[in-house]
């Protein structure tokens, strides 16, 4: 009968922790053409050239890589109020934070798996210097000449010790809807893709085979042009940046992907395109079974390495028996 | 303070009139890889391989080319009820129609410029034969091997004798929001792009320089892969199909476009990609001024020929003084 | 001081043996858009739409997959005479064969590893039916509407028990020049790429880790458009055709590759583009050392699976110790 | 009976004259990612990242834009000797020049239309600094991070008052072969494409409708990746560089093209790919008739503007009657 309209509008920004702040900064600016828009204490703020807000990426120096927090913008002040009301009566709500760089008051929360988030309405827009202005009136800034420049932030993917519990948290308290999910033969939910728009996802939750709660899988920056993944791949390889997988196409969401590790150790997705759009207002969640996983993971583009299912930040040592067990469950697209 | 959520969800289908039904059918099936899903009287029903409904294109034999009607799906039964209530107290509301192919009861209306539309909630989904099923669980049907297959319907563009009046009709009565518009130096509105989602548009209204009301500019079918426009261009040229413009990129909406004429005479857009997405819940309408038109029309890809501003279906003879006047106002991206 | 001009001009055609002739035929015609140009006994003849000769692929029914023979065209009748003279005084020359389909008299030979070849000057050109004619006067036939059509044959890759001996045979007796090669730390030559033009190779020789002489690695058909590899990958996956590796880019020759298995079991390369051209008339052979192999094999596009180094046609069982030894020598681009 | 092997191997470099040396330099380095390799008097020397010689582009300050000279490398010292012998007995031979930057002794000539050229064998190779070295052993330098970097020089196109006479000069005295040509209904030769390898051309000669001898049409730099033309187009447009035509595909040679004007006024082609290769050793010249010109000029990508046939460097005023006459003979791909 049609979906209830979500109160969340989009990923506004992501804070990443990095033990190598200068190298991380160089990666995002020289390789991905991102622009610095401010610094504060141990943080530097960055954005892609079509990102309209003050920043979409906050790099914060830390001993270990990982997620700082995700900033979510609501659809309206009323939507923010509604979500705060829902969260504040649960153990997940933390409280208001006023003194942020780049946006107004934000309500902080901690999801069941331990990932930190904040909700906000008031944001500061990027004020483009005259010299950087684009001729395109729908573009926040002219296309940079440096690197293979990303256009904007797209989505976040979180590792979860328990996918289903966290999925219900984001559905029930934050109004996300699950577009696609993986259900294994034993009934466990291995992954879920959640959306607040016609995009297939702004948030993904994937089972952490190490059992560690609260880890970070990746944040994606969008190109919209598939070839740019190949260009970035070539540039990054010659620069000594490790490519984990891709360029390729997932069956799940039909996304065009490439995964790389920024020097701080966090996985970054370079996002060729969104793939399948959920335009049907009465769409049903798509469930991929264990037997579908081969094409669900890869339509083309090699195969997903074992690290894709085991590596997250902060880094943990995976007991070898767990790794073996996990690998045994994963399909091998090539040898099938 | 955030946008009100629209009651319309998407373009469900478009009916095109064609004086050459067999040639039109061959074009859509052999060149664009569309699939036939039914016939009725003078109509044949077609869909792209990622279209999920019974059909997205109805080809109806007629003496002249042009638009039959546009089918819009609402976000819910309640949204349909709300829109019918709004329309039925105006002269634009026509009434309910029950016996349609491919969907349930629909409420018909005629927009101020004379374009016919219908609103519906109940739709019939495409029931894929076993032999055509895709391995991708989010794909309605396997990718066809014929032609350069389009994936789904994307948007409709209508010529209007009066853009502003029609824009207000779609905004006020059908809950569209205007993402981008062209304002000429004399204050007239030359075009408007309207959206009900994060896409830049599902509907565009462009000034008809002949002054004729109710004509059709184009319907767009989506690829998502820029190269496919070049592939289609090459295939169509060798098949004697006329390409009007592109492949290229508009500044307005940042769309990757190519315009061709199907044998019946209607303009069809092959849509490489959507370009700019309106993810910011508080986005403001982007206004392109007359001085911006050069890059607004073409970032790259040749220049828009005069026909782009004068030709629509049904075809009308344009008084030569109007054509000269119109051409004089249009920018020439090359000679600038 | 500049290279001597080779007597060989190009790969004219390749004969493949297939135990599943109908399935192989369907693969090349329905998926790769190749055209049938004749049948004879157990063979069917095919060509891509920019192949100018009678055929470039001969499919011959056989108990096991593998290479029938390679047809090489010389640069002139005199060049043919010169090569025949050279070969006929060696044990590799076999003799003239007159009754071939699609070309005139050919001189047969057997290379040291056992691969069969023939040299010819007189060829029969494709006589295009009126209905298939292209508007392009440099195109043998209009672009087909079926599948993701390949344009022409490009090169052949042979597995060799002894790369160096065969390389010298092709250099000394057939006037090929080695553009690139892989030298392992123990001094053995693991692969060699041989050319008779500015293309990086028309022939490659790769070490067969099973030690079997005379096997076939792959024949490549050319697209020239990188995206077509992704299109073919998607189409083939949904059709149940196995993709071995790619789409991706090799460092060696800088080729854009994808490897698939046709239903008869032979490996086929879909060739996105040639990559690096040897335009310098005084170029020196490029040697890739064992330590370069990681990027030599893959600049981007996943990693080469073990089968790439072990599988050839006819199929042989590889002793497991040899497989382990081979795998141990291969770099892993991902885990590096 | 097969073609005689040419004595010329390739375009080694081109000297362009520019009245805006700094702006031209910025264009080639910041936008096209070329690298400076030296300066001398009024000249600066540049190369693309896969150019292997000291330079492929010499920018020389001058009062007017235009061609300085073209440097051609022969296939061997003997080939050089042979060509010098042929030229020196004609009025076109000038003599030896010893003190060049980036190469050894060169023999200068002036073609019938007045274009200056030089032949050489000894060249200086680019000596790559350690910091710029590529991991790819067949790449002269790592891919730059600046702009949309071109890979190498490809070909030169010259305007000629008399195409046929110059074609014969390059065929007879410099051993080029004509792969494609345009013959108008009145028998005149409007253009000729000449090759010394399997590439469709290293040199093109196009009729100058102003009747001025010795002007320059363009030099092409090669990408090999079609999307890079779109990337460059977008970057150049936002930087105020004028795009004359494309991205698109010519029928003649099947080249993927885009034409832009560097700030000094010279036309530069950004070359997506070479298109059709003349691998057949017995290929016949392809003649495009006047009636073929529409698709010969444009398979897709808008239409060629009038400037394409009239503008060259140095710039001359074209008598308006000649322009009208020329335009009348040109096909209009769109209105046809």
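As written, the chains take the letters A, B, C and D, and residue 1 is the first residue of each chain.
Heads up, the rule we're going with is that a residue touches a chain if its C-beta (ideal position, glycine included) is under 8 Å from a C-beta of that chain, and two chains touch if they have at least 3 such contacts.
Given the structure is predicted, the values throughout are model-derived calculations rather than measurements.
A.B. asks: Taking each chain's centre as the mean of its C-alpha atoms, which one ends up farthest from the centre of chain C?
C.D. replies: With centres defined by C-alpha atoms, farthest from chain C sits B.
A.B. asks: Between chain pairs C-D and B-C, which one is joined by a greater number of C-beta pairs in contact?
C.D. replies: C-D
A.B. asks: Distance between chain B and chain C based on Cα centroids, please, to the nearest Å.
C.D. replies: 46
A.B. asks: Taking each chain's centre as its mean C-alpha position, how far apart are chain C and chain D in Å?
C.D. replies: So the centroids are 32 Å from each other.
A.B. asks: Which residues does chain B have that touch at least 2 chains other than itself?
C.D. replies: 135-136, 225-227, 230, 234, 237, 295, 299 - these are the residues of chain B that touch more than one other chain.
A.B. asks: Mind listing the chain B positions that touch chain A in their complex?
C.D. replies: So the residues of chain B touching chain A come out as 1-3, 5, 9-10, 50, 52-53, 73-79, 121, 135-139, 152, 180, 197-200, 224-226, 251-254, 273, 275-277, 279-281, 286-288, 292, 295-296, 299.
A.B. asks: Residue numbers of chain D touching chain A in their complex, please.
C.D. replies: Where chain D meets chain A, its residues are 30-31, 134-136, 142-143, 145-147, 225, 227-228, 230-231, 234-235, 237-239.
A.B. asks: Can you list the residues on chain D that touch chain B in the complex?
C.D. replies: Contact set of chain D toward chain B: 226-227, 230, 233-234, 237, 242-249, 258, 295, 299-303, 305, 307, 334-336.
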